[in-house]
Each structure stands twice: as C-alpha cells, then as structure tokens.
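In what comes next, chain A is part of two complexes: it sits with chain B in the first one and with chain C in the second one.
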Partner chain A sequence: MKPNEFDVIIIGGGITGAGTQRDCAMRGLRTLLIERSDIATGATGRNHGLLHSGARYAVNDSESAEECIRENMILRRIAAHCIDETDGLFITLPEDDLGYQQTFVDACRKAGISAEIIDPDLARRLEPSVNPSLIGAVKVPDGSVDPFRLCAANMLDAKLRGGQVRLQTEVTGFIKEGDTVVGVHTRSRLTGEEADYYAPVTVNACGIWGQHMAEMAGVKVNMFPAKGALLIFAHRVNNVVINRCRKPSNADILVPGDTVCIIGTTSTRIPFEECDNVAVTPDEVDLLITEGAKLAPSLSETRILRAYAGVRPLVSADDDPSGRNISRGIVCLDHEVRDGLKGFITITGGKLMTYRLMAEIATDLVCKKLGVDKACETAETPLPGSEEKSYEAVAQKIWEAPTTAQKAAASRMGTRAARIRTGNKRDDALICECEEVSVGEINAAIDRLEVSTLTDLRRRTRVGMGTCQGEFCACRAAGLLAKAHGCVERERRDLEDFLQERWKGNFPIGWGDTLREAEYTQWVYKHVLGL
Partner chain B sequence: MKLQEFTSSKHNFEECMKCTVCTAYCPVLQANPLYPGPKQAGPDGERLRLKDPYFFNKALKYCLNCKRCEVACPSGVAVADLIQAARIRYDHTPPKLRDRMLASTDFMGSLARPFAPLVNFGTGLGISKTLLDATLKIDHRRSFPKYSGRSFEGWLKRHRKEQAAFPEQVAYYHGCYVNYNYPQLGKDLVKVLNALGIGVQLLEKEKCCGIALITNGMSATAKKHADHNVAQLRQAVMDKGLKVVTTSSTCTLTLRDEYPNLLGVDNADVRESILMATRLICEKLEQGAQLKFKADYHKKIAYHVPCHLERLGWGVFSERLLRGIPGVEFYLLDSACCGISGTYGFKKENYETSQAIGEALFSQIRALSPDVVACDCETCKWQIEMSTGFQVMNPISILAEALE
Partner chain C sequence: MKYDVVIIGGGLSGLVAGITLQKAGKRTAIISTGQNALHFFSGTFESLQEPSQRIKDLFLEAGVRVHYNPGVRLTPMGTFKEAALSLEDIDLFPSEKIGKRVLIVNFQGYHDFFSSFLAEGLEKQGMQCRVRFLNLPELERLQQSPSEMRSVQIARTVDPLWEKVVQEVRLLLKDEDTVILPQVFGLADTSVPGRIRQGIPARVVFAGTLPPSVPGVRTQILLRKRYQLLGGTYLMGDEVVRAHVHEGVVHSVATKNLDSHYVEASEAFILSTGSYFSKGLVANPFRVYEPVFGLDVEYKEDRNAWYNPSFAGDQPYMHFGVKASADLLALKDGEPLQNLYVAGSVLGDTHPEFGSAAGQAIQSALFVADKILGL
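After this line comes the complex of A and B, so read on.
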C-alpha cells in the first residue's frame, strides 16, 4: 500500500470527524483525517459545552433524551479529563408554570434520566448564584464538557493508533472511478501544496459544511443552518448547570465551563452563505444578558469576556427538500443506497453529546462496506488522558506538592500531564497567567497536538482564553511557536491574526472592563511592541 | 453534588487589567521566589479558586499584607484583601503554638506585664533566644519588645478627672503596644492633645484589633475581637459623639478596612470617625489651633511612611506635623517596606526574606544618618532599630518632645 492510500478518509475535524477517526482506528483501519482549518472550529467549539443529561429534550424528543443520557454516562467513563460532573438544576421562576415540572420529571424518568424534585431552599444552597426567587427546582445529571479537549483527545488517540491527520488542508475535489468515490484532491492552506489521497470509503463529517462537500461529490444533502449566539462570562458565577424548567427557549442554560461560565443560546435561521462568518448582533447580546440574569442575577454585574455564535448542523431527516421535517437526531446517509454513489458516507445532525454514537454508526457502515467485522469499543476504552477519574488524583500521582500551574495542567491534560517537562525555571515559567499555562504545557501541545497557529494552541491549552484575552500570553506563546516552526515572520502575522480574532469576540460586548482591557491590549501591542 | 459555599467573591478581582504593576511593587516577590506574586495570588488565582478550592496555593502565606499592591493598582483592585480573604477561606491549617502566641498580643501582654522585669530579662537572654528558635521557630536574631510594668490604661484611669476637665474630648484606641510595651507613647499623645485643649478618654474596654490573628490563621477569633471593638467604637462615636484617635497605623487600617473587607464586620457608621491622631492634630492646626515649640529644638529626622499608613494615604499628616516643628531637618525616606510586617518577620522561616525586603529602607537610613527615624508603626520601629541601630520614634512622641 502506498503512503497516500488509506482504508478510510474522514473529511472534517470536528468532534464527529475526530470521533469517527478514533473509532475507525480502533477497529484496525488505516485512517486519514482532513480538515480545512483546525479541529473543533465549527459547531464543535461553538456551543455551550453542556454535558446534556437529556432532560432538555425529555418532553419533546424522547429519542434524543435517551441518546443523551446514555452517552452522558459513557463520556463520564471514557472522557473524565474533559468533563466536569457539576450536575444541573431545572428551575421554575415565578413567571413559569410550576405545573410543567411534573410533566418534565415524568418525561425524564421515562427516558431513564434521574430527575429529583428538590426544595427551592436546597437549590439555593446547592447553587448560591441561582435566582433566589425560584419556586421550584429539579436536579438532573447535567455537567460540562470541554469540546476542544474532547476533540483533541479523539484525534490524539487516532494518531496513537496509526491514524494520520492533515489540518489546514482543503478538499478541492473528489477522485471518482465511475460511480465510486476513490479519493480526494487536497490543497494545503499553509503551503499551497496539492496532494491526492485514496481510500475505498470517504466519510463526509463536515457538519453544516457537509452540504457543500456532498455537492462537490455530486449528491444533495439539505442542511438548515440555525445560528446560536452565546456569551462567555469572565469567571464561574455558578458551579452547577442552571436551566429553566419550561419549554426550551432562548438563553435558558447557564453552563460553568473550566474557569468561565456560558449563557446561551439563541436560534435564528440564517442563509447557508453566512455559515462561514456569523456575527453576534446587539439584540442577541441584550437577550442573552436579560434572560441570563433571570437564571443567575449576578450575571448582570459580571464581566463579559466574549460573544460568539455557532451554526447548528440541522438536517432534513429524509430527503425532504421543503425542510419541514428537521431533526436534531443523528443522520447517517449511505450515498450508495440513497444516490447510487459508492464509497461515500455523510454523517451529520446530532449533537456534541452524541458524537461517539454518531462515530459508531458511521464506523459500522464503513466497516460493513470494507467487510471488516470488529465490534465498537469506544464506549469502554478511555481517551488518552482520561485514565484517572479526577485531576486531584492525577496531580497527586505526578507531583508530590503540585503547584497551581501543575494542578491546572492536570485539570486540562488529565494523565497526559505527566508528559509535561517541569521542575526547572524555563519549563515552569508561565505563558498564560490567567489560566496558569506553563512553557512545558505549551511545548507538549506543540509536540503532539498538531498546532500551527496561536488559535490552534488556544483550543488545546486555553492559552488566551482567560480574562486578559491574550494581552500577555499571546506574544509569549508566539515566541515558542516561532521557535518550533523556525519562522519569525510567519509568527508575527499569526500574532496579528490571533489578536484580531480575540477582538472579534470582544467587540459585541465591548464596554466597561472588557473595553478597558482591549484598549490596553491594543496599546501594548501597537505602541509598545510596534505590531 | 458538592455544596458550593464559595461560588462568589466579595472582591473586585474582575477589574484587574493584568497590567502587573502590583507585581512590580511587591516587596516579597523580589526577596522570595516561592511567593506567586500579588497578581497571581490575587485576581488570577481567584478565578481558579472559584472553579475549585483545590487550586488554592498555600504559598499565599508568604504575603506580608503590606497592601503596597493595592496602592500601586491603577484599577483599584483590592489585591491584598483578595489574598488574605483566600487564606481565610481556604487555608484550614491549624495555627502552630508559636503563631497562636505571636498573634495573641493582648493575652501575652496581660500575662507578661505583672512580671515585666523578669520577662524582659528572660527574653533578652541569649539562651532564651536559642531556646525559642529551636522550640518555637522564632528567629534567635529577633529581640522581643520590652514589656512595661504598668499599663497605659492604668495610667490614664488615674488621670481621668483632669482629662475630663478639657472642654473637647476624644477617645483613644491605644492598641496593645501602647498598653503593654510602651505607655510613654500614649502619655505623649495625651500631652500633645492637652496642649490643643483636648482631653483624652479610653474606650470602655478595647481589645486587640486582631490583625495578627487574621494573618496567623485565627480569623474566627479576630472576628470576635472585631465585633467587640466595633460595639465599643459605636458607644464612643454614636452615643458620646466622640472621634476615636489612634497612634498605630496598622490598628487604624484594621479597624477601618480589614473589619468590613476581610472579617465581614460592618463598621460603616463608625469608620469615618476613626483617625490617626496625626490627622486630627493637622485638622486642628488648620482650623487655627496653635502649638508652642521649644526655641532650641534641633533634630535631623528621617521619616518612614509605614505601608499601612501609605494604604490609608495619611503619611502626609505626619510629614506636615514634623516639618512644622521649628528646628527640624526633615527627610522623607523613599517608599519601601521594612519587611517585618507584624509577626511575619519573627518567624524563623521568614527572617531572611524579611531582612532582604527591608534592606532598601535600611540603606537609605544608614546613608542619611539621622538623629532619629520617625515612623507611625511599632513593628517597623522594632525592625528598623534592630536592623540599623538608629532610634525610631512615633511622630507624636517627637511632637511631644518638641513642645515647650
């Protein structure tokens, strides 16, 4: 077999693509993942990071609810270092119908989700930031999940099992033999270099962009882009997920994620052409703050770090061109059966929560096509880094008396934190002071996790995700990247792009301390560093 | 499900712009690399601690609580409060016997006072210092302040009648040092205030302000002191309409700011009535009161503004008073921490750091070679006297000495 020949090519480096690559690799296939930008740049990295219990869907979509709670329990086992088992509350406010609570609890229980009605007073003690005027509360096994970490861990595991990854690589066309897709033409976005890769099966895991990819292959998949906007607050206001116990609506979930918390979301249909460049509007910001403060009143006084928006990859379940039958469920299309195009599969729809199941379904189909008979093991095998249950246990095993930065590294990398070079001044120096990311941790990411830009580095280490939004860490991290890539000029441009990207998220909420900080950042980079 | 006791911060850590000026001004960081520095320990660390108390770093104990970070901060972030509050919240290491002894200034004072000559003789002996060093880890190079055989409270009670005769009255929060170690400072204050036509009375029963309890991990006891003292202050301020003056900058900062900010004790109704005596005297002189000074008074004075007075922004009052004494050659020392920070420098593990921090101040004093160093803080006084050999006097005592 030639080096450019594989068993399966997966297009799309979101969680679905990465998960599918891992599953395929675990079943012994030679895999190649192609992503036009970086991992987790689409819907994967642009959501709440909510580890759904499924409760949100219980009343209206019991199938999704059942999928969620099953996957929720699986992810706790296999992705411990990506998950924070916070639990969640569904609160009823005075303006909500308390009668809905029983309907909700019954539906949860039917779906297999433990839902316990608790006294509002207990809810106030469990989560002191909750709106104190609540009149009802239900406790469910929600949590939070770091989608970047989860995606990187899947990709890393596939790599450790021999999989290959081409990031910043665009698929420019399909290579067909008759009615069969046998490979792809690609072009590197970094070097412009073109390359062809061959495999008997290609999986389209491009999320919302899957429509375009399918079109290129000569088949039609109708996606229905729905934008969702979210706000990140500068610290964790809550430590328990807070939801509204009512029919799902706008801005009714507040999720604590790592050092921040996130309120969302909205839902607006947008034209397909806007998917590449979604912006958050002032109306959305207003709505998120107003509704968010109903969940946790202190949000109205908390510094907002960023606004961002993602596009849900909603898809018509059957081939209904009207779009009336939109599902949030998993859609796996065998284009051989559906369109007579062999060697091409589309896996789409679904949610971050159900990525593993999506990967399993897609991989089952890949294996069927290849005649491989090996069972899926992704529900039992922990991801690299997740071999220990808690970061306390990880840190204690590696270091006698862990420093704050070492504890933080353990919380981000899980057991792989053992690979960080540490114990000397140079490696222990902090690059990111807000999130406590050391030189050693940055270098570990550069070494193993396919980093080409500062933004890539941010997704893998949280560098630049803290309060200062890159003010101090960006130039330091750029120094390490310049060294790793051996090019100062490229890194200078990267630094500019990174700061521009940070500003993009600050702009919609650019007031108060966030604006002061952004002005200060500009002053440092423009007037002190001459950028 | 974990009960979330600590999901909110009372302090304004989000106003931090990460400019790192606090870190540049931190005296500890320059002397002790184990300390993470005020920005790291304060606003940065707070975000991680709010995520999980597990991220609390015990190295926060190296903070002097000198508050120089707060003076430096252009965003008005209560950096030192953040650090001390985190220690109170998250560090549940029980205080050592040594720390309990060092922190219980009024208890130790009341024990030692009746046997003052014996205690002073004992603590001054080389063998005792060696023993204290070996058993309690109190550094042998330190000298304990001497105890006075007679308390200031006793003295003022004996002069109650003549003090009551003055038309204007203030209450004096003297603190442990004046009461047990150096009643002369209290007497000096009485002399100066009397010269302005003001009589001095005690609070009904004051307790130690509790700063040493806070920094030594005994905040629960400190809160009891605070509750007691605020009740006493209320009696003086609200019932009797008195101002309360002090001669110790740290006691003042504690009564005014540490009570509400660290111990959660509301003092809003009395806070503005608690003043350093120097401020009250300045106000009186501005209003036209006169002090008569000796004609032949001459002294070269180097004034050190203690950190906590700098935090209050009140060094200017002492400076104005000292400059106003005819015959005084006045030098303002460059702002620098002396390194003792109350009980901090007495601990064996902090001795080197303490002396390294103070060196910037000591070298200025040596170069100036003044007749006396002026300073409004008793622990700075011990540190400077021990480290430079120059005598240190409270500005109030210098005023009293210069009065006719």
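After this line comes the complex of A and C, so read on.
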C-alpha cells in the first residue's frame, strides 16, 4: 500500500468520527480521519456533556432510552477518566403534575433504567442546591461526560493503533471511479497544501454538515438543523444532575461538569447557512436563566461564564421531504443500497451518548464491505487514560503525594497523566491558574494530541475555560505554542482568534462580573499589551 | 468622622484630587477598595499632551518621574503604540527602529514576559534579535510554588539584586546596542531602573509584562505615600455601602469597615470609583447603574447595543458613564447634586473634553479639585 492509501477514510472529527476511527483501527483496518477544523468543534462539544441515563427519553422514545442506559454503563467502564458519576434527580415542582412521576418511573424501569422515587427531604440533602419547594424526586443513574476528552481519547487510541489524523484539512471533492467513491481530494487549511487519499470505503461522519458532504458525493441526505442554546455558570452549583420530571421541555437540565455547571437547552429550527456560526439570542439567555433558577434558585445569583449553542444533527426520514417525521435515533445509510453509490457510508443522527454504538454500526458495515470478519471490542476495551477507575487512585499511583495540580491533571488525562513531565520547577509552573494546568501538561498535549491553536489546546486541557476566560493563560500558552511550532507570527493571529472566540461566548451574557472581566481583558490586550 | 472633602475611590483620579486638596490645606479622606486601574497601567498617559507645570510638579513631588517625549512605546507583544507622556523608565522612541541589534533577556521560568513575541515584532522592523534567559538562584526559590513567578513577586526579589542582574547581562551581551528587560524593577527602590541603565553598556529598554504592572503599582504606592505625607487619610480595603442624601446634598456615607460611623464631608464628596472593573459602574441584564448614589448613567437601553461582536472593535459599553454637569457635579434624576463631583473613568465618555483613560483621570481630578477650592 502507498502512504496515501487506506482501508477506510473517515470524514469528521466529532465523537462519531473519532469513535468510528477507533473501532475500525481495533478491527485491524488502516484508517485516516479528516477534519476541516479541530476535534469536537460541532455538536460533540456543544451540548450539556450529560451522561444520559436514558430517563429523559423513557416515556416518549423507549428505543433511545434503552440505547442510552446500555451505553451509559459501557462508558463508565471504558471512559472512566471522561466521566463523573454524579447520579441525577428528576424533580417535580409545585406547578408540575406529580401524577407524571409514576408514568415516568414505570417507563424507566421498562427500559432497564434504575429509577427510585425518593423523599423530597432526601433529595434536598443529596443536592442542597435543588429548588427546596420540590414536591417529588426520582433518582436515576445520570452523570456527566467531558466530550472533548472523550473525543481526544478515541482519536488517540486510533493513532496508537496506527491510525492517521489530518486536522485542519478540508475535503474539497470525491474521487470516483464509475459509481464508486475511491478517495477524496483535500486541502490543508494551515498550509493550503492539496493532497489526495484513497480507500475502498469512505465514511461520512460530519454531523449536521453530513448533508453537504453527501451532496458533494452526489447523494441526498435531508438534515434538520435544530439549534440548542446553553449557559455555563462559573461555579459547580450542583453535584447531582437536576432534571424536571415532566415532558422534555426547554432549559430543564442542569449538569455539573468539572469546575462549572451547564443549563440547557432550547430548540430552534435554523436555516442551514447558520450552522457554521450559531449565535445565542438575548431571549434564549433570559429563558435559560429563568428556567434554570427553577431547578436551582442560586443560579439567579451565580456568575454566568459563557453562552454557546450547538446544532443537533437530526435526520428526516427518506420518504418524508416535509421533515415532519424526524428521527432522533441513529441513522446509518449504505449509499450503495440506497443510491447505487458504492464505497460511501453516512453515519449520523444519534447522540453523544450513543457515539460508540453508532461507530460500531458504521464499522460493522465498513467491515462487511471490506470482507473483514472481526468482532467489535470497543464496549470492553478501556480508552487510553481510562485503565483505572478513579483519578485520585491514578494520581496516587503516579506521584504518591500528588499536589492539587497533579490531581487536576489526572482527572483530565487519567492514566496518561503519567506521561506529563513533572516534579521540577519548570514543568510544574502553572500556565492556567483557574484550572491548574501546568507547563508539563500543556507540552504533553502539544506532543501527543494534535494541537495547532490555543482553542485546540483549550479543548484538550481546559486552558482558558475557567473564570478568567483566558485573560492571562492565553498569552502564556501562546508563548509555549510559538516555541513548539516555531512560528510567532502565526501564534499572534492565533491569540487574536482565541480572544475573539472567548468574547463570542461572553457578550451575550455581558453583565456583572462577566463584563468586569471582559473590560479588563479588552483593556489589557488593546492598550497595555498592544495586540 | 468629619472631613472637608471625602473622596470615594483611591485610583489615579482619587489620588490626584486628594493630593491637590491636601496641598491646598483641606482635610480629606480617600475610601479605597484597594484595586484600581493603576495595577494594569501601561506606564504611558494616553490622551495627555504636553503636561502643565502643575502636573509635572505634582508627580515630581511624589517621586514619580515622568518625561514628555512624544513618540512610540514598545508594547509587551512587540508592537508599537503612540504616546507623549510616560513614566521615566518607560521609553518613548521617535520611531519603531529602536536599535540595530537587540538582546532580549528574560528570567528562566517567567511566562508573563513575551520574549518571542518581542523578538518577532522587532525583527519585522528589520532589527536583529537574540533571546537569552537569566537564571538567578533567588528566583529559583520563588519557583518552589508553581504560581509565584509573577511580576510583583519577582519585583520584590530582584530590586536588591540589581548589581547581579547587571553583571549577568554584561556577560550575555555581545555586539548588541540595545538590551530589553522585563519591567519588574524599581518597585521598592525607584533608583534601580536608572542604576541598571548606567551599568549596562547598551541602551536598556524595559518592556511590559502581564499585569500587575510593576511601574503602575509603584506609581500607586508613591502617590498614596505622598497623599498620606500631606496628612490625607487613606482608608484602604474599605468601600462605601450607603449614602445619606437629602434635598440634593450628600451629608455622609457609611462604609463596610466603619459601619456605624458615618463619614461626613463639610464641603464636598468626589466620586472617582472607576468603571466596571472597579465597580464604579455595574451592569445587570437590564441596565447599567452607579451603585453608591444611584446617579444618572448615560447608556443604551437595548442590551444588544452594549457590545461590538468583534473583540478588537470599539466597545459601546466602555463609553457609558455617570452623567455630570459642565462643572462635573453628578446628576441624579436630571438634577445636579450640590456637593458631589465626579472624576476619572466613572465618567465614561460623557465629557470627552477631559480625554480618556489616564489623561482623563488626571485632568478631571484637577478640574474637580479646583472647583472645590473655588479656583
């Protein structure tokens, strides 16, 4: 095989693409993943980070609920370092119908989800931030998951198994021989360099952008862009996921994650052109705050860190061009059977929670096409970093008496934290004080995790995700990146892009301490630092 | 407690007003939360042209040496910004060509000084740059804690070591005509930047670091000491929680630390509480307000109009400020309060005749002090 020939090309560096690459690599295939920007830039990194128990879907969509709880249990085993086992509550407020609780619990149990009605008093003790006026509570095995970490770990595992990754690389066209896709034309967004890659099978795992990719290949997939807006609060107000026990509605899930918590979401149909640049409106912000405070009243007094939005990759059924019949389930299209186009598969729909299952379905199809007979092992084999269950145990094992920064690193990298250079002053110096990220951890990410920009670095290490929103750490980290890449001029532009990206999430909630911080940052960068 | 004048806010404008009034024989107090914009001061006074003798004297008497030399300042990121007046250890150059060959010296393990950005910026202007790192054992101790290598901590350590810094830099120096060092000198001993300049046989330029700004913190300390030496009462780490206003006159304010003791002023109050960062202005989802007196604020009602989506663009919210009469008397419900003056960045852009930023802080403070003195 030539260096530009592979068994399978996967387009899309979201969790579906990364998961599919890992699965394909584990089945012995030579894989190439192509992503036009960075990992987890689409819906993967723009949701709650909720490890669904499936309870939310139990009443209306039992199939999704069953998928969720199965994958929930699997992810706890294979992705321990990406997961926080917080549990979840479904609370009934005085204005809600308490009668719904029993319907809900019955549906959960039918789907295999443990759902336990608990006394409101116990709920208040389990989660002191919960709205004290609740009249009912059900405990379910919800949790939180860091989608960036999960995506990076899948990609890393694929790489460790010989897979190749091209980030910041755009697919500009398909190479066809008759009715078969045999490869792709690409262009690097960093260097402008063009390259062709060949494989007998190409997987379209581009989420909402899959429609465009399919079009480029000459087939039609009808996607339905639905925007969901969310807010990140600057503190971890709750330790247990809080949901409303009623029919799914707007802004009724509050998820704790790392040092923050996230309220969401809304759901608005948007035109396709807006998918690349979704904005959060003041109305959405107001709704999220009002509804969020009903779950945990202290949210109305808590500083908001950012507003952001993602686009769900919903697919409308093939025989329904009106789009009324929208599936929230997994959609795997064999374009050979469906459209007569060989060598091309689309995997879309689904959720962050079911990425592994989606990858398994897509990989099964890839293997069938290639005549490979090897069973899927992704449900049993831990991701790199997740070989140990608790990060405290990991930190203890590596460092004996770990510092808080080392514990933080272990919670982010799992057992991979052993590769961080540490134990000396230079590597231990903190770059990001909000999230306690050291020089050593940043260099480890630059070495192994395909970092080309500060925003990439943020997704992999949490640099700039804390309360200062990158005010100081951005500059410091830019210095390290400039050194690693040997290009200061590029880093200067990168720093500007990073600050712009942070501001985009700040100004929709630009008041109180957020505006104070923003004023400070804008003043320092413009007037003092002279960027 | 009773004073002639009570100043709320201890940043540049509060201190300039306080010093001027004390010098003129008034009994004054400054109530300061402790943090202010001097802590991230670039060292240059924007929008202040040739300063009056009065401003020069005011600084000089406080031991703050400034020089007027219109030109460009080298920024920490290796770019240049125009300025006319600066602190003495901040150079203003006639052009971007600050030398031919430049040696940039940083401390090992110090990430808040951007030597690579400086080198790239200067090389773009046609200069040759070399970056070297100094390793001082005294700073190694600072690095025992992973977040101690910050400007002020370094400044506290290096002032007494200036001779060693000079020696080490001389060893590194080859044929360079210019040496760039981080602005971490002269915090406690203001003679240190000058001594370093004398000791190194090349032009020495001190370039900025991430905040806190050592020249800014030093300026704040010197002005505060001068104010206290003149007999002013500086209430540090305190803030006003309530104001007693009756029929258009401010009678007293209550502070957090002096809860039951009202602070009274027989002649006037000055509000110099800064902008959002210092909480002189507060924004909530519905409005921008002034938290101490509830003064009238010039701002846009539509929250969407507060921001420019471009980070680098001009931000409308930065122009909002407390409304004041032509005499800088604060307006409340459209009427001026008879003895409450406003100075500094809490004014926003409502009185552009006073300039902006540090220039506005100084000029509006002097204007207000003169009004109180009946000048």
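To be clear about the criterion, the second predicted complex is superposed on the first by the 528 of 531 C-alpha atoms of A that agree within 3 Å, B and C clash if a C-alpha of one lies under 4 Å from a C-alpha of the other, contacts with A are read in each partner's own complex, and residues count from 1 in each chain.
The rule we apply is simple: a residue touches a chain if its C-beta (ideal position, glycine included) is under 8 Å from a C-beta of that chain, and two chains touch if they have at least 3 such contacts.
Here the structure is a predicted model, which is why all the values come from computation and not from measurement.
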item: First (chain B), second (chain C), both or neither touched by A:A158; value: neither
item: Which partner reaches more residues of chain A (counting touched residues only), chain B or chain C; value: C
item: Which of chain B and chain C A:S298 touches, first, second, both or neither; value: first
item: Chain B versus chain C as contact partner of A:D87, first or second or both or neither; value: first
item: Contacts of A:C68 with chain B and chain C, given as first, second, both or neither; value: neither
item: Touched partner set for A:I39, first chain B, second chain C, both or neither; value: neither
item: Partner chain in contact with A:F472 - chain B first, chain C second, else both or neither; value: both
item: Partner chain(s) touched by A:H527 [first = chain B, second = chain C, both, neither]; value: second
item: A:Q500 touches, of chain B and chain C: first, second, both or neither?; value: second
item: First (chain B), second (chain C), both or neither touched by A:C275; value: neither
item: Overlap of chain C and chain B interfaces on chain A (superposed complexes); value: 403, 430, 433, 472, 516, 520
item: In the complex with chain C, residue positions of chain A that touch it; value: 282, 285-286, 289, 403, 405, 425-426, 428-431, 433, 438-439, 472, 475-476, 478-480, 482-483, 488-489, 491-492, 496, 499-500, 502-504, 507, 510-512, 515-516, 519-520, 522-531
item: List of chain C residues in touch with chain A within their complex; value: 37, 40-42, 46, 73, 75-77, 79-81, 108-109, 111-112, 114, 116-117, 119-120, 140, 143-144, 146-147, 149, 208, 210-211, 213, 275-277, 279, 282-285, 303-304, 306-307, 309-312, 315, 317-318, 357
item: Sites on chain B touched by chain A in the complex; value: 1-5, 7-9, 13-20, 36, 39-40, 43-48, 50-51, 54-55, 57, 75
item: Interface residues, chain A side, partner chain B - complex; value: 87, 125-129, 139, 234-240, 256, 258-259, 298, 302-303, 391-392, 403-404, 407-408, 430, 433-434, 436, 466-468, 471-472, 513, 516-517, 520
